[in-house]
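After this come two complexes, each holding subunit A, first together with subunit B and then together with subunit C.
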Partner chain A sequence: MDAGDISWWSVLIAVIGGAIRVSTPYLFVSLGETLTEKSGRVNLGLEGVLVVGAMSGYATAVLTGEPWLGVLVAGLAGAALSLVHALVCSLPRVNDIAVGISLFIFGTGLAFFLGKPFINPSAPRLPDIDFAWWSSSPQVQSALKINILFIAGFILALFMAWALKTTRWGLMLRTVGDSEEAAKALGYNILRVRMLGTVAGGFLAGVGGSYLSLYFPGTWNEGLSSGQGLMAVALVIFARWDPVRCFYASLLFGGATALGPALQTVGITTNYYLYGAAPYFLTLAVLIYSSSPQKALEGAPGEVSINR
Partner chain B sequence: MTRQGYSRRSFMHRAGSLMAASAVTAALPGMVAAMGNVTVGFIYVGPRQDFGWNQSHWDAAKKVAAIDGVTVVEQENVPETAEVEKVIQSMIELDGAKVIFGTSFGYWDSLKKMAIEYPDVLFTHIGAIWKEGDPTNVIGYRGYTEEAHYLCGIAAGRMSKTGKIGFIGSKPLYFIYNNCNGFVLGAQSVNPDITCNVVITGDWNNPVKEAETTNSLIDQGCDVIIANVDSPKVSIETAEARGVYTCGYHSDLSPLAPKGFLTGAEWNWASGAEFVEAFLAGEPYPNLKRGGFKEDMVQISPFGQAVPQEVRDEVMAAKQGFIDDTLMLYKGPLKDNQGNVILEEGEVKANSDTPFKLGVDWFVEGTVG
Partner chain C sequence: MTDLPNLDFPPPPEVEIWKLTKHFGAFTALDDVSFKIDPGSFHALLGENGAGKSTLVKCLMGSYRADGGSILIDGKETVITSPRQAQQQGLGMVYQHFTLIPSMTVAENLILGEPDLPQVMNWAKARASLTAFMAKMPFKLDLDRLVSSLSAGEKQKLEILKQLRLGSRFLILDEPTSVLTPDEADQILGLMRRLTDEKRISVVLISHKLREVESYADEVTVLRQGKHAGQGRVAELNRSDMVRMMVGDEPSTTSSTRDTAGNGAVVLALQGLGVENDKGLPAVRSLDLAVRSGEIVGIAGISGNGQTELVEVLAGQRALLAGALEVSGKPYYRTRSEMRTHRVKLLPEAPLQNACVRGMSVAENLSLRLYDEPPMSLAGFWLNRAAMRDRASKLIGQFRIKTQGPDAPIETLSGGNVQRTVLARELADGAALLIVQNPCFGLDLKAVAEIRQRILDTRNAGGAVLLLSEDLDEIMELSDRILVMSEGQIVYETTRAAAKVQDIGHHMAKRDI
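And now, the complex of A and B:
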């Protein structure tokens, strides 16, 4: 390859840019799932919540012309759907995994049904901030156009890490998630804490969905999510329920998604299906790695059903 | 036994509409005249407003609906399963459809089955894979979109400043290869040094990957992008935001990119209207119809404002070449991008050489990927 230097440079730039562009939905969903699981519940329905968020956010932006309002509505729609999960799971002897899967299917179906009229119209996109004023290279400029939601997600990850560790609310959430007996002894209202944890997690996942439809790729159709919501749940395990590690893991998954297209554009086309499968392969590898029978999951909330 | 496998829902529906119909005819005798109308059913695999494949068929449905005395009934999101047979049955039995348009490739087996069951009804399929021995009340038709891609390529070759253009394909199938080759050959006809980066996404519909691929191609310096995916909307909007040129596919996408849209390769499924007319008049119709500009089965989108007049003239001249059969898409000397000789100097393949086109699994020289 004679023009090799510039090509490899641009692959690197494309992967970094792609990591930033693609990672935000992973980040929000995984932060949401972290909150939910820290309270002792699993919400597998976040994929459905993500799709409902994407649809409602897009629809709101189309109807009002206001993308930020779309983000808010997406979050509220996600919270509402997760409230269903929270309420059903509050009943005795209800399996949260099964409810989560039915919520996943219900959410995607609902979004496809209600989203039909919004496939054709174009919605205004969320703005981005240019962090590449120092560079004259258009590749770098494009890679470093960063959406505010990504930055918000980063700050939220730091905040959540701090809040879970040092605040009373964080302690309450962790106690409820780790040991029901201890929480009962301390007089916490377990159901209420779990409900709030699940609803807040749904809000975040809904916001993650609005990023998909309102920024990148910035459209609404039925193939919009290729399983990001489900992968984010695996990513939480990979990140060991640590919000800051969720951030790194999201970047890794985003970069893996961007790798295939970046390599193909420089002419490396053999095995492109393999590169395309990179994020899914990564998910599998994470699950196999974290499913060791010898050691318990470090950092896993004690009451989460995958840990019981 | 045509009535077997009748669903309870459709039975109730039918019984209900029978009663309603008798009530209406009793009340409004004048409406009986309208019974002479013919109903035509359109079945889509996705939403008909997808700025893509399904929309191109919706456009055709509107043309069919414009025929005098024809009413069109439509159903969207019909999967390529036994579901389509139920939809067909309900359209024929309840709506009295006399012609059924099955607009997705995977409907083929169901269409053949229903064509035997309902020999008085005309069925059309867009795969153009009808062969001797298949029911004669089935029509297969499909346009040579590679010719329209050739015209897009001319516009792309003229407008590209970097000499690099980008092609996004969904799956490595013969028509994707042909479309890409048409695009590259068109561009090379006006700028022999141009190269085209090709990316196959592997999915009919994967917006994240399509947007990411578009960004990667632009980062590589490609400044005209065309996407052969089910709905090129994402790719076109992403490219427009990045300030590069785009060409469309399937249907008219010019509203999505007011600044950078050049033109687009579109289907013209309007021959469907001719089939309907011939069928209703009791005239013969073909069972298999393939064609390009000459047969008026493909078309190009309206030019975007960025395209200067001389380029438009050049594109239209090439279109005339296809119509007159003076311009051949595949002619020697032609090599693929691995250096293998495909056609020797002087060797020419006719534009209507379907068997040759079906066998294309290579990209022409100048294609990267």
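And now, the complex of A and C:
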């Protein structure tokens, strides 16, 4: 094995490790967005929710010294912000896309405003589990330090796939999101189902935000999210509104995000910013790939406004 | 038919409709209609579009509240206020537009209607129950298929299965075959027929297709303009009886033919026209047609025989697949400048959708033909709103459009006034070619007389008029030449003087023979 082989191998390890590390916020936001969109609404404000989650989680951890409490507060903050979206969209003739965009801007602004005093102090990090006891390679060891939230997200994806199919709640949510007429005929309260779907989605996105500030990169600053919440919305389309596919898609986006730093570890620093833009290219490619003038996307909830 | 297992249903109810009346504003959609549907019968409700069939069943299903009359179920007077309540009485309706959830499987769609769904589904148990249910049904569907992958016929079957699973013993099918291929239609109606033969359910079939009624129904009730126009056992009626009930008797002899008709120059000429409908099936097949100046050519036909597609092609809303289209001897590509030079004017059906911009004002809608040239447009881009409003005010007075003013949004106007607005726009500067479809659909008598007079005036001023109407009386009253359209072709032609309602009716129904 010559030196070139080793370095490419370590790029691969670094990308995989990066994918696992970076994908968690994508995963939580996309699962949350899946839940919201399955109910028939798009919440573009999840980027704002993500940032508010990151800020509030970090602040809580700084003040209490308890990172898990930070995660909970982040989720609750996300749910509260999404409740605004849910309530405003429940008014007649309100466009959910427009409300989402204003919520996105409001959420990031609010987080920057409230988060100013927390840029300097450092918060306790969330713990991780070491899955690399079998290897002596430092690269493998760093790649396989896996955060509990990542594992929780994976289990949540499986649970959501099961729940959407097997619980009454899941069927109700999908009915409301797919055909308002049918839902009305079945006597469901459409607004309430959508409200719960949006709030639950916001909770998950908030938890995703706390991962950013409490684990990776593990600080709070204003450039923390860099549009991951918006990309997660594109990712939901790519995953065809399927929670398990959201998991795979998150890994793919995480891997793309980790590409630049991974190449840097083996000394390739030219075009660093170009590689850094990989997830954005991927988002564009996904959207172009999935667009069609002729037919609606397979699996898309019928009442989602991008589908009408 | 012993191969069908029992459905374990109580027998179907006897439903009687007594003097049912329903008004929409000044318009009477349903006028004193009474009839009875015996348990286990296959009853057809026949009538042209707008005859009141849908209104009647919506009253029965509780979607509308009737203004008068009553509904008796098993002899007891019953007030039905909601579709849910109708369901509890065993009445179920299969709508033209499916109420299935496309991204769910057949099994999920069947389960959803159940009144007490558990928090966590026991799919094993539910599937067992569904499989047992399917085994009892006359037609089968794979439980795991996604609804979006089903054909229209399969979706229709699933709708029917859903109703049967909910325990409906009285099924209303609203034009079930309009979205189906002929084979699918025969299969579904045949299965419904078997279920009624065994007295397991009653069926009410809403239709305007005579063939279906003749082949499958026991009894028929015909509605025309909201009134009960006839009833009988299908076996005892012949086709021309039913056509006469549907379209009315020989109309009054107020013919308005002019002697000079038929001598003018050909204005509209169609040769071998071929057009497809939205589903990609041929709607107009190698159709030849000529309309001369100074004549009204009336095209009669039962709706859905290609009339709408023909008008859409002439309007420029639909691509033409084959054939040639000429106006005043020149090829006609349906561009705005051609419409202007040849003075082609159009009054399509449903004018609010097809000829107006809903959110715009009456004045703006009145200007749609002229806004891009002086005096309404200055230097080609600046709109002169004062000129628009002036002209609108003049037309509003001239055509007696009832509106709050030229600035009122067009959608606030009544149907008759929308029709008048479009007519005003199209006819204000005269027309060399006027294409009209169902111009008086759903209007009151005064508006009808006025609009018909405008059409006659256009003809008398030398215009060529192509009139497509489902109302045979209207065709007979206005036309100089009468054609019958069936299955996208002209199947019969006659002059007004030689026209007989029986002949026309016979040819209208021809495709069903």
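We adopt the following convention: the second predicted complex is superposed on the first by the 303 of 308 C-alpha atoms of A that agree within 3 Å, B and C clash if a C-alpha of one lies under 4 Å from a C-alpha of the other, contacts with A are read in each partner's own complex, and residues count from 1 in each chain.
The rule is simple: a residue touches a chain if its C-beta (ideal position, glycine included) is under 8 Å from a C-beta of that chain, and two chains touch if they have at least 3 such contacts.
Computed from a prediction, not measured in an experiment: that's the story for all the values here.
In the model built by aligning both structures on subunit A, subunit B fits alongside subunit C without clashing. In the superposed model, A:17 makes contact with subunit B only, not with subunit C. By the touch criterion defined above, A:175 lies against subunit C but remains apart from subunit B after alignment on the C-alpha atoms of chain A. Of the two partner chains, neither subunit B nor subunit C is touched by A:82.
The partner that reaches more residues of subunit A, of the two candidates subunit B and subunit C, is B. Applying the stated contact rule after C-alpha superposition, one finds that A:269 touches subunit B and leaves subunit C untouched. Once the two complexes are overlaid on the shared chain, A:226 sits against subunit B while remaining clear of subunit C. Annotation: superposed on chain A, subunit B and subunit C show a minimal Cα-Cα gap of 36 Å. No residue of subunit A contacts both subunit B in one complex and subunit C in the other.
Here subunit A touches subunit B in the complex through residues 7, 10, 13-14, 17-18, 21-22, 116, 119-120, 122, 125, 138-139, 142-143, 212, 216-219, 221-224, 226, 228, 257-258, 260-262, 264-267, 269, 272-273, 276, going by the rule given at the top. Across the complex, subunit A is touched by residues 46-47, 49-51, 76, 166, 197-213, 215-220, 222, 231, 233-234, 237-238, 241-242, 256, 368-369 of subunit B. Residue ranges of subunit C in contact with subunit A, taken from their complex: 83-84, 97, 99-104, 108, 111-113, 117-121, 123, 148. Residues 165-169, 171, 174-175, 178-179, 181-182, 185-187, 298-302 of subunit A touch subunit C in their complex.
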